[in-house]
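After this come two complexes, each holding chain A, first together with chain B and then together with chain C.
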Partner chain A sequence: MIILFGVFLLTLMVITALAIVRSESLFSAVILTAIFSLLMAANFFLLDAADVALTEAAIGAGISTVLFLGALALTGEHESGKSKNRLLALGVVTVTTLIVIYATFDKPRLGDPEAPVHQHVGAWYLEKTPELIDIPNSVTAVLGSFRGYDTLGEVFVVFTAGIGVLFLLSARPIARPKNAAPAAEPGQGLRHYLVPRIVGRLLIPFIFLFGLYVQFHGDYGPGGGFQAGAIIASAVILYALLEGEAQALRAVPMSVLKWLVAGGALLYGAVGVAGMLMGGNFLDYSVLASDPITGQHIGIILIELGVGITVTGVLLCVFHAFAARGKL
Partner chain B sequence: MELLGLYYYWVFAVLLMIGFYAVIAKPNLIKKLIGLSIFQAAVFLLYITMGKVEGGTAPIFQDGVSLYSNPLPQVLILTAIVVGISTTALGLGIVVRIKEEYGSIEEHEIQDRDRQ
Partner chain C sequence: MAMTIDIISWVLLSLGGAFVFIGGLGALRMPNLYSRIHAASLTDTMGAVLIIGGIMLQAGATLATIKLAAILLFLLVTSPTASNALASAAILSGLHPDEGKVEQWTRPK
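Moving on, here comes the complex of A and B:
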């Protein structure tokens, strides 16, 4: 039964991807990407990746759609040009697909416990998590503790990308092109539409609560800072869409957001430095408390909090940067 | 199971190339970015497919379960998704600036203006 479901989802995904590439309206392409992400999330769930499915659903289907639509509002939603060198591109793509498909015959079969990928550190992480870190969710244990360096790096990439977007979009344009789309009406949001407004306002507190649950329950179930950051950011974005962007900026002003962007990454780094000051290595949480396992728990909760703060801050800054650009 | 496993890899190959086609053949910059996200999603699918263990469950420990899927590919992809959206946002920011300077986001129109 699950096999059938998997084949069904995969086929739907290919159809959606074809529709995305073929559609001439960028607006429908973006909405189809949201559907594509949701199918992808369902697929991840079938493949036992609950944490990844949660992230893909929150980010791919939620935030990414909003950002693409924000960009479309500034650039126009119709694709005018026809593909150039279409046959050449199709030829290259077909040949490459066939080569990759030929290569798949050499790959270990799906779910093979003897596959090389399960022979190295992956198995070690699963075996050592209960003993060294003692939290049920081994994805969080690997993310926060065993591979804390990687995650710190990822947080800084997110941080840098956020700074980059602010840098690109907060500069005033030198001369506005004549044929540019007229600036959108100042953000009134959906204030005049009663049903979305009431339903949305009812939902926002629960989305917040769910975000906090995902943040602080990440040790025990699917969740953690990356997912929680996206969920909390989407609650604020929903508020901005309903009540207008100015109102959302009054609730969470830009000055606070800037501190969030930097503060989360700093908190993560500070936990690492605290470990060094207390006699351990950088990002070694065992020394944070008298008992190594309690130290690991404290460290993981703190760095997940840092991740969540930075992700929320960056996503909201990017959203506001696009929204504010439309009003120039 | 044998054929389904191969089907997962084939879908990976097909999605990868659908995304790549959009990147090389479509002149619209936003369409290129959408193609890039499909390309990226295909790679995510490959990693997660490889992490699956037959008969295993999600790597969250619970009583009475002894077989779990590999957590490592999941960790890599989880962070990659968030990094992916940040870099896509950066790309969209650049596209918006190009639109402001050139008045267009179609590749050939931008090239024409550069040649003037």
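Moving on, here comes the complex of A and C:
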């Protein structure tokens, strides 16, 4: 039955992908990308990867669509002409497809217990999580503690990407591109839409609450800093859409956002250094409390908080950078 | 008892599926944007209520039912809002409900 659902979802995804390629209106391409991400999230969920599904739904279908639309407001709405090298493109696509199909011949069957991914360290992590870290969600244990270095790297990637986007977007354009669509009345938000405004205002506190739940429930169920960061950022973006960007910047000013971007990454690194100062290795949380398991819990909560803070800050900074760019 | 609950739940699920199907059909076949929004909003109000109701009966008195109820409440508030926002955006961008007759909204042959 699950195979049937999987094949159905994958077929829909192929159709969506083809529609994205075929569509000449960039606006519908963005919306189709969101649908693609949502289907992907459902697919991840079928494969029992609830954490990844939540991330894909929050970031792929949610935030990145908003950022794409923000970028679209700065450019034209339609694709600019067909490229001339269509034969070359066709050749590249054909070769890549053949390579990928060839690569799948070596792929183990879905759910095969003999697959290399189940034979490597994964089995050890699953076996040792109850003993060493003692939290129900082993994904968070692997992400936060066993592979803490990798997650630190991810946080720094998010941090660097945010700074890079800010640098690129804060440069003044030399000349305004001619085909740019005029930005909708700046700073007004959706003031003339009565129903969305009232419902949106009603929902924002609950979205915040859900974000905090996802943040701090990551030890027990699907969730964690990345998803929570995206959800909390989307609540603020909703506020900015409803009340106008200036109002959102008054609620969460840019100076606070910059501190959030750096502070989260700093908190993560500081937890690692604290472990060193207390006599352990970098990012070894066992020494943070007298009981190693309690130490692990404290460490994971703190680094997840760092991840959440950085992700929220970066997403909001990028959103505001796009919105400010439209006014230049 | 369990049998009755199962039957009610399956009736709800099938009715919900039918509503989603009708909504999808309407969104494809209706002549202009506003009637399409009208058809599509059937999917996320009636369709969602019936399907989530059916799943709630399957879940029984568990935490899952409470979560489903929360999702249902969320959908009941947000989906009509989305339809309303879409329709008022169309009005504001100048698409009059009388315009956009069949020929404009169907694909050129």
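Please note the rule applied: the second predicted complex is superposed on the first by the 315 of 328 C-alpha atoms of A that agree within 3 Å, B and C clash if a C-alpha of one lies under 4 Å from a C-alpha of the other, contacts with A are read in each partner's own complex, and residues count from 1 in each chain.
The rule is short, and it goes like this: a contact is a pair of C-beta atoms (placed from the backbone, for glycine too) under 8 Å apart; a residue touches a chain by one contact, two chains touch by 3 or more.
Since we're looking at a predicted model, the values are computed, not measured.
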Count the residues of chain A touched by chain B and by chain C, then name the partner with the higher count. B
In the overlaid three-chain picture, which partner chain does A:193 touch, first (chain B) or second (chain C), both, or neither? second
With both complexes overlaid on chain A, does A:60 touch chain B (first), chain C (second), both or neither? first
Is A:203 contacted by the first partner chain B, the second partner chain C, both or neither? second
In the superposed arrangement, does A:1 touch chain B (first), chain C (second), both or neither? neither
Using the superposition on A, tell me which residues of chain A are in contact with chain B and, in the other complex, with chain C. none
Residues of chain C touching chain A in the complex: 74, 77-78, 81, 84-85, 88-89, 92
Residue ranges of chain A in contact with chain C within the complex: 190, 192-193, 195-196, 199-200, 202-203, 206
Residue numbers on chain B that touch chain A, as the complex places them: 1-2, 4-22, 24-28, 30-31, 33-35, 37-38, 41, 44-45, 48-62, 67-83, 85-90, 92-97, 99-103, 105-109
Quick one: in the complex, what on chain A touches chain B? 3, 6-7, 10-11, 13-14, 17-18, 20-21, 26, 29-30, 33, 36-37, 40, 43-44, 47-52, 55-56, 59-60, 63-64, 67-68, 70-72, 74-76, 79-86, 89-90, 92-94, 96-97, 100-101, 104-105, 107, 109-113, 115, 117-118, 121-123, 125-126, 129-130, 136-139, 141-143, 147, 150-151, 154, 157-158, 161-162, 164-165, 168-169, 173, 176-180, 220-222, 224, 226, 229-230, 311, 314-315, 318, 321-322, 325
